[in-house]
């Protein structure tokens, strides 16, 4: 006989007349008393956010919701055309793109900053850390996470706003300062514009809020789920995915059949 | 040459120094000024919610976040064990279960209520509509969407709270009244407890808020995305999916190899 | 204490020195003795295919593998760009589009044919059944599944080949004949070209092979999984998804910013 | 105006009377002439397999189809319960688990072997390479991919059969020999049973067949897609996912409500 380990979870359970979520009675303690951003905080951390935490966390989430016609949004819309009866499949198809390239930046920036600052004292020399980090990345010929943007130059307009909201609420600390030092050092060393981008700023501020880097991608997933539902809803009113598909199929067919000898 | 139709979207776009989301400047009009629930409303409807709408909509969303160890939550946790490097895959695996059985109830209830009330006058005879609906379902031997619950009896504790929040904000109208009439009629006719369940209540209140029934599943998807990120985060701290897998695999193997002649 | 029902499965299990799949020893009875098409048959039906069944089933599967730059293929390629480290996410993103519109035709055709022929005698009047089916669809203003194609006219070139392979192997029976009668009746009644399309032919031949209609979508899923892996592999060698994304994003941005008053 | 790059693909396209797949006419050159394993080879490599290649490739694919009640299979079955109308969602939910832990072994082994042998001469000293590889992994305290198994000891019964099929067809070359040297070296150095496991054997033989390591996960995805369709089909006939869910939910609820002070 197998020796079973007990299954325990603190997420939620229910009985005949009561639903408990994260230790709180859903109907008397949560409904009407917390917004969706606060609920996301409660789900992930197990406690209510302070008003300051809620304001900062909502700002980060909102930055992640809508980035226009991304590959993820196009995927969701294409799958919505193929399986209109299963909206969850369309949203999932786009969400699967919250990977290393488009949305992994927060995770990677948080990992870099949290690893660098782990175990250091409050008065650690951030400039020395930044120099080490930039030189290490230059030597390994890999980009430094969190800085640089193909469109938004010389600054990403979201970054100063997010840092200002963090500062106003007491969350502009060492992780933000280290990222700023990394940015300045990299720009000087590589002699080009490498602004702190929005995902980098989000990774830094999530680190200030105490989120372990492994969980940061989850914040991007929540934001994007909201945005992808928005795109699928627009696709229902204003279809464009079928036109995208037909253009691509047509061009590939024409190129394939006219260029052959 | 193919005659391309122009691609137009109102979701969002960006230029070098400005990000536009649903017609608003992200950094000056949205960040710090709207919470995630309000942002979801803006994404889906294209306009800001009123404070009353935001309160009701957040309550609906929060009800959908956390339902304990559902099949969706177990799926997300199992896939997180298989591919810990791809959190989006784990969340998507659970989200794919937001289908007809567990979360489609809001959509089906909204469809029923919106179809029944479409084109009727404000003073339509709701009791007559309810009787027709119940008799039609009894004749077709299919359950009426939005009523009945395996655990929560004689009432689903979420329903009166959601209706009270709707009422306080001016959204307890004909869709809610029709669902209440359906519930009373079905209980009388079938002589058993068939409370308005939470998904039914959500479908009715979303109808009051003006959401077309085809979009209601999207609200469930947003709520569950938040909850599934919570479960994957707990699985990282407190793994239990591997134990579930091993129990199942062990039992199937023992049953298969001992019961054969 | 809960009264557990035992968990039993016939799919497979393993012990220290033996892997059992569908009741067969993997290493001595399957490896080197069956191809992937036969293995798919064994997984779904629980027994080996005859050579005739294997030939027909492989032909159906192969027809489903590659349909060029479909919305599913584009989705897989877009997600592969976003998360190149998670190929399974890219393939899944496309597979999610095997829904009612593009690949559900086999399922719907099989359902129609199996339902119509259930309980009828071998000498049932297929023409009368076909007339009823066509008239019923015309009255309900819904298309008859399995017939009509936007490109392949006046015939879908795959259909006669699939039917010939089925006939050669003894599987051109009543389901095929009924679909042919439906096609002829609909073309006469509606006075336009409505050839049996490939998904219709597949649904009919799967019915001949004894597959319940509920499982037919699974055959499409297997075929498309192979094709989508092919597309993701080509995307690695010959990237085009990023170009598709940039064109769409650019056009949406230009249209949005130039057309506003 | 944007300067568009042309979109070209060699996968497939169709005209009114012809479907071209990988440069071949589907109806005259493929249907009835190739099985699903061969078609998978054609999709990925762009050419037909030789009979020897087809035999080896089919054996690898078949090994990957069915591994019993894995986390992936359980996920697919759970999602099938939630969304029975969307079989593709259920299969995708399991496929998402073809990640680094359960099925990434082939990819990692192929990468290790291909990287080690890249640029070496035919008579390279494999024992020296193996010693370097094992010592490097021991020093970094990470497991060597492709060797060791929790259940199958002292050998994985699939490995000698796969290697024998490879040898018979002329594909037991240097990649297999290097993996064998790694296995022997690691067992000697770490003084415990570390057999070449099936995913390791598959990675080595795929390398012999000329598959770049980045594509190896695709082979696992194809095999698992077949197996997961099998599980969903069994779940329809013999439901067990709901029982798994109810047991887990019940136990979590009991543990949560009885252990609190």
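Each chain gets a letter, A, B, C and D, in the order it is written, and its residues are counted from 1.
Note that contacts are C-beta pairs under 8 Å (C-beta built on N, C-alpha and C of every residue); 3 or more make two chains touch, one makes a residue touch a chain.
Quick caveat: nothing in here was measured; it's all calculated off a predicted structure.
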| item | value |
| --- | --- |
| Count of contact steps on the shortest path from chain A to chain C | 1 |
| Maximum centroid distance from chain A, chain identifier (CA atoms) | C |
| Mean-CA-position distance for chain C and chain B (Å) | 30 |
| Chain centre separation (chain B, chain D; CA means) in Å | 36 |
| Approximate Å spacing (C-alpha centroids) for the pair chain A, chain B | 23 |
| Residue numbers of chain D (touch at least two other chains) | 7-10, 13-15, 68-69, 83, 85-86, 88-89, 92, 96-99, 244, 248-249, 252-253 |
| Interface residues, chain B side, partner chain A - complex | 2, 4-5, 7-19, 21-22, 26-27, 30-32, 34-40, 43-44, 54-55, 58-59, 61-63, 65-69, 73, 86-89, 91-92, 95-99, 151-153, 155, 157-158, 161-162, 165, 214-215, 217-219, 221-223, 225-227, 229-234, 236, 238, 240, 243-244, 246-247, 250 |
| In the complex, chain C residues that touch chain B | 6-10, 13-15, 20, 83, 85-86, 88-89, 92, 96, 248-249, 251-253, 255-257, 259 |
| Touch list for chain A against partner chain C, complex | 68-72, 74-75, 78-79, 81-86, 89-90, 92-94, 96-103, 241-242, 244-245, 248-249, 252-253 |
